[in-house]
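The same chain A turns up in both complexes below, where it pairs with chain B and then with chain C.
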Partner chain A sequence: MFESFVEGLFVVLQWQPFLIMLMGIALGFWVGLLPGLGGSTTLALMLPFIYKMTPVEAFAFLLGMHSVVSTTGDITSVLFGVPGEGTTAATILDGHAMAKKGEAGRALGAALMSSLVGALVGAFALALAIPVVRPLVLTFGAPELFMLAVVGIAFISSLSGQGGRALLRGFLAGLVGLVFAMVGQDPQAGVQRFTFGQLYLWGGLDLVPVLVGLFAIPEIVDLAVRGTSIAGELPQGNLGKGAWEGVKDTFRHFWLTIRCSLVGTFIGIMPGLGGGVAQWIAYGHAVQAARDLKEREGFGKGDVRGVLGPGAANNSKEGGALIPTIAFGVPGSSAMAILLGAFFLQGITPGPDMLDKHLTLTFSMVWTMVIANVVTVAVSFFFLNQLAKLTLVRGAVLIPFILFLAFIGSYTSNNHLGDLVVFLACGSLGYVMIRCGWPRAPLVLGFVLGKIAENNFYISTIRYGSSWLLRPVVLILVLLTLAVIVYPLIRMRNRDATPEKAA
Partner chain B sequence: MNRVLSLRFLFALAVALVGAYALYASLEWPFRTALFPRLIGIPLLALSLLEMLLSLVSAEKEREGHAVDFEMTTDVAPPLARRRTLAILSWIVGFLAFILVFGFPIAVPLFVFLYLKLVGKEGWVLTLSLTLVSWLTMEGLFNRLLHLPFPEGWIFALWS
Partner chain C sequence: MERFSANKRNAWMGWTLLLLAIFVGTPALVFGAAAYEGKVLTIVVGYKPGGGYDRYARLAAKYLPKHLPGNPAVVVQNMPGANSIISANHLYGVAKPDGLTIGTFNNGLATAQLTKVAGVQYDLTKFAWIGSLASDAVILTIRSDLPYKTVDDMRKAKEIVIGTTGPGSSTHDFPSILKEFVGFNFKLVPGYSSSADVMLAIERKEVDGRAGSYDSIKPFIDRGLVRPLIRSRTASPGIETLPVDEDLAKDAKGKAIMVVASASTKIYRPYVAPPGTPADVIKLLRDAFAAMAKDKEFLAEAKKTKLSIDFTPAEESLKVVREVLNQPPEMAQEIGKYIKFGE
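On to the complex of A and B.
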């Protein structure tokens, strides 16, 4: 096994696969930066190009491209408050808030370094987990996956603000997200739900215009209202210096970064959950790491831990998602489903053969993920200071370009003008939510998890009746959900009671 | 009366209506289609009614209700902030109108030019340079390289 591990590295470092990987990285770099152009779409577009490549070259190209998309997507999220990728939206909450405080360099440094750590953890998990992951995946049937979705929404809702009122709004936002996910043809009977006779809505709402609208419009409005640059009236000297500070932040909060990487890996392993979920759960975990309520209030306003968590998770989930894809041919995400197509195009069947006959190829994938991220982060660091300076450009100059990217990003998800209407509608919703103090994170998580939750809830009910509620893992997850809801309330109550006692 | 007309109350009311509509619509669906909407619609309606009630009867505690999310700036005087908000929202809707009327390839440089000149009050050199950049990105990257299928603007559809 160790021989294959080393051989996998040397295979990737041969000049031809290495050059092809660099081409993939360059492509992924730009795809990540541009909002709306998703990693999955680009993977699909690039599939025809791998026909004449060897398996090592093909996966060096595809994985090299795919594994850096989230890394550079963070850059757009931090600088402009527009998600570069659907999987990098959570980075906006604190990353863009840091940019507004003149700490763009630090936020970018933290995002890139945590992405690298996340990618390494994901790749390491992939290398270690293939022989032992089977029991874990088999433990999670439909009831457990449904409950996992419930825990996720409860978790992010409870961490979205202070006190009972914020908890209420967090849950409401999560439920609204679940309603959004119901739009379109229902997966069980094919009945149209909430489509209002519009053909465009038959396929449901697309994640990209929803995300871009929810996050970009409120930021653009705020930038226009302030009438300054993104970083406001701050002295120019601080911007670039922060990049190294962001790197140090990653190591200052190293265990948080590692934990969030593991969260990402675990969610990546679970079929169907994907990166859209991993980043928000990791964000929730980062918020949970706050020592007290005052510290928690800093989240959403520029706490670097809010960048480290999602930054690490959205990269580590790639390694996790590859585990069931390689080991069982069960894709962990839509991107992995496309990658599965690449396996078949190359005449390789995922499964036990990948741990035996094709072990070197499997390890070459691990090394591709590692090398691609190291190269991307190293290259990005050369440009960080210049990129950070974009936050000093006057708002009036930036706004038309941010709007251009937001509109085109939304449109490219389906190449339909309806996407622009969804983008504007979700933008208005995001703006009103901000004005009313409703958190947007639970809405996004509810939306991302909605279809998974519905399918698994339906399968659980039809297959097991109500007895699925008594399955051991489900019971543990129910208790976890209750704890997640009740614990912040108890903590709030204790906090309120303490000054009275003192008085 | 002020609380009834407050944005928070009205937003909670809108969400309650969404919940009520989800439940109402589910009445006509077969069981397996209606199962999940009902599971979600009932708590959505109940919790949004509670939020409406709370918006009416109780003022929020100082530290309660703050979302872990960014907050709009408070450094600008409210009348000016309102004026600027309305202006930018009009520009955003205007951009959509440009796209519908002229199509993406013309709407993008036109919007960039008008925004830079009218709102940014930028000089001609910068305005024309950035307009050119936007046109090159639109035409070169999205149209020629990526071959994105941009629909024709209404105005051209009318002519042809």
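On to the complex of A and C.
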């Protein structure tokens, strides 16, 4: 096994796969930056190019591209408040808030460094999980997946503000998110829900127009109203020099970054949880790191930990998502579903063989993810401080550009006018929510987890009756749910008793 | 000599074109022998990039130029939504019938038309059909470690749990019709987010089996995870000898429903042009598809990328569509109970 591990590295470092990987990385770099181009769509479009490649080259190309998309997607999220990818929306909350405070460089540094850490953790998890991957994935059936979704939804308690009123608002926003998730044809009886006779809504609401609307439009309006640059009228001393500070932040909060990476990996491993989920749970977990009320209030206003959490998780989940894809031929995310097509194109059947006969190839994928992220982060650091200066450009100049990106980004999800309607409607909703002090994160959490919770609850009940409630993993997850809900409260109480000093 | 005859041919074609223009009108003027020269042919796909429909269309886009006069550029346009009804409506009512737009959509759209699904604006019989690039068998598979090796074994089973992605997909409709009209003790568990997820549920023994496209289950049969037990009428190499659902039906009604449900698998990857596309243009397209389906390079690439090719010409495709649509209204209603069409 160790032999394959080393061999996998050397295979990737041969000049041909390596060059092809660099091409993939360059492509992924731009795909991540531009909100209109999604990682999975681009993967699909690139499939025809791999026909003539060897398996190692093909996966160096595809994975090289895919594994940097979330890394550079964070850059767009931080700078403009427009999610560069559907998977990098959570970075906006604190990342863009930091940009507005004139700390764009620091936020970018933190986002990139945590992405790198996340990617490394994800890759190593993939390598370590190889011997135990089958029992691990097989433990999680429909009941366990349902409970995982519940654990996720429980994070609403830490994503809402403090106090009963704020908590109520958080849960109401979460419920709206659940309703969003219900739009479309339900998979149990085939009944149309909330589709209002529109064919467009049959397939449900798409993640991208909802997220882009919810987050980008309020920022655009805000920028227009203020009439300044993104970073406002702040003194412009070390704006461009903050990137290194962000790197240091990653190591200042190293355990948080690692924990969020692990959260991302784990969610990636679970097939069917989807790529949008990891970042939000990681964000919820980062918020829990707040030591006291004042710190808690800083989240959403530019706390660097709110960047580190999702930054790490949206990269580490890719390593995790590869696990079921490789071991079972069951994709862990939509991008992996397309990657699965690539396996077949290459004449390889994913499954137990990948952990045995093709082990070197499997490890070459691990190494591709590692190298691709190291290269991207290293290259990005050359530009970071320049990129950060974009936040000093006058709003009037930036707004048309951002608006254009946001519109295109939404429209490309279905190439349908309905995408724009959803985008604008969610934009208005997002703006009203901000003005009235309602949190948006719980809504998104409800939206991304709603379908998972519903379907798996249904499957569990119809398959096992009520006996699934007593499955051991389910019980553990019930306890975890309680912990997630109670944890912020206990933390606050402790603070009253023994005030800690911020490290 | 060569040159002379070419010139002569051109002159002859010029006259033909002129005559055609006089008799048929302007569209024909656009389409002569070098009809597609400098033009762009668009293939509208009713799904997002990456799926089966998209992959077939992109393969066709690569090889069609070679077989069309004038070697046009061929591009793919994805128009996802409502399980491709949106794209079918577009091709039917919006796209210009000038031969520059063709499209591919769900093979089950005939069922949607038959059962009068809300939102359907097209009439499949009015499209200018080009043909279908592939056929596919729907099969039912059961986990290999279970003792069901034949249909009779299954009949005796107390309960067999079948995982599905929900009504409207073959993973659900096929076993649900078998349950109703053959009398198997199936327990259907719908709600898995993809057929791959059902496969994983089989692997962890949450469900006992699944139905679906033979092409997509084949890797798992080869791996020994599941064994095929029943197929629909369209056979594929390797499963010809499996019992066919129609032969197992208890009554005529059940059999008729099975016929309708699986008729369209014969035209698994249908291609059409908008209604009213001029006949001569359609002929060019039909010939191009037929020639492409015999093209060795095309077949080699299709084989490599695991896209099976089984071309059905326009006439025959339309016959399949008519077979589905020519049901008496009361039958259509019955069918609607068992075959849902949706996302």
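The definition used in the following text is that the second predicted complex is superposed on the first by the 478 of 503 C-alpha atoms of A that agree within 3 Å, B and C clash if a C-alpha of one lies under 4 Å from a C-alpha of the other, contacts with A are read in each partner's own complex, and residues count from 1 in each chain.
The rule is short, and it goes like this: a residue touches a chain if its C-beta (ideal position, glycine included) is under 8 Å from a C-beta of that chain, and two chains touch if they have at least 3 such contacts.
Being a predicted model, the structure only gives us computed values, none of them experimental.
Student: Look at where chain B and chain C land on chain A after superposing the complexes, then choose clash or fit.
Tutor: Partners fit side by side after overlay.
Student: Treating the CA centre of chain A as the corner point, state the angle out to chain B and chain C, nearest 10°.
Tutor: Placing chain A at the corner, the angle measures out to 80 degrees.
Student: Examine A:Ala425 and indicate which partner it touches, taking first as chain B and second as chain C; both and neither are also allowed.
Tutor: Once the two structures are laid over each other on A, A:Ala425 reaches no partner at all.
Student: Pick one for A:Val179: touches chain B only (first), chain C only (second), both, or neither.
Tutor: A:Val179 sits against chain B, while chain C stays out of touch.
Student: Taking the superposition on A as described, I'd like to know which of chain B and chain C A:Ala337 touches: first, second, both or neither.
Tutor: A:Ala337: touches chain C, not chain B.
Student: Identify the partner contact of A:Leu43: answer first if only chain B is touched, second if only chain C is, both if each is, neither if none is.
Tutor: In the superposition, A:Leu43 touches chain C alone.
Student: Give the label of whichever partner, chain B or chain C, reaches more residues of chain A.
Tutor: B
Student: Determine, under the contact definition given at the top, whether A:Gln188 touches first (chain B), second (chain C), both, or neither.
Tutor: In the superposition, A:Gln188 contacts both chain B and chain C.
Student: In the superposed arrangement, does A:Ile485 touch chain B (first), chain C (second), both or neither?
Tutor: Neither partner.
Student: With the two complexes superposed on chain A, say which partner A:Leu22 touches: chain B (first), chain C (second), both, or neither.
Tutor: In the superposition, A:Leu22 touches no partner, neither chain B nor chain C.
Student: Check the residue A:Val473 against both partner chains and state whether it touches chain B (first), chain C (second), both, or neither.
Tutor: neither
Student: Look at A:Thr349 in the shared chain and tell me whether it touches chain B only, chain C only, both, or neither; answer first, second, both or neither.
Tutor: second
Student: Between chain B and chain C, what is the shortest CA distance in the superposition, whole Å?
Tutor: 6
Student: Would you please give the residues of chain A that touch chain B in one complex and also touch chain C in the other complex?
Tutor: Comparing the two interfaces on chain A, one with chain B and one with chain C, the shared residues are 186, 188-189, 415, 454, 458, 462.
Student: Once bound in the complex, which stretches of chain B touch chain A?
Tutor: 7-8, 11-12, 15, 18-19, 22, 25, 29-30, 32-33, 35-37, 39-41, 43-44, 47-48, 50-51, 54, 60-61, 63-73, 75-76, 81, 84-85, 87-89, 91-93, 95-96, 99-100, 104, 108, 111-112, 115-116, 119-122, 126, 130, 134, 137-138, 142, 146, 148-149, 151
Student: What residues on chain C touch chain A, complex-wise?
Tutor: Contact set of chain C toward chain A: 48-50, 54-55, 58, 62, 77-83, 85-86, 89, 118-119, 161, 163, 165-168, 187, 189-194, 196-197, 199-201, 203-204, 206-207, 219-220, 222-223, 301, 304-306, 340, 342-343.
Student: Touching chain B in the complex: which residues of chain A?
Tutor: 37, 93, 96-97, 159-166, 168-172, 175-176, 178-179, 182, 186, 188-189, 191, 193-194, 217-222, 224-227, 287, 293, 296-297, 299-301, 394, 396-397, 399-401, 403-404, 407-408, 411-412, 415, 417, 420-421, 424, 427, 432-441, 453-454, 457-458, 461-462
Student: Flag every residue of chain A that touches chain C in the complex, lowest number first.
Tutor: Of all residues in chain A, those touching chain C are 40-41, 43-45, 47-48, 51, 137-139, 141-142, 184-190, 192, 197, 199-200, 202-204, 271-272, 324, 328-331, 337-338, 340-341, 344-345, 347, 349, 351-352, 414-416, 418, 451-452, 454-456, 458-459, 462-463.
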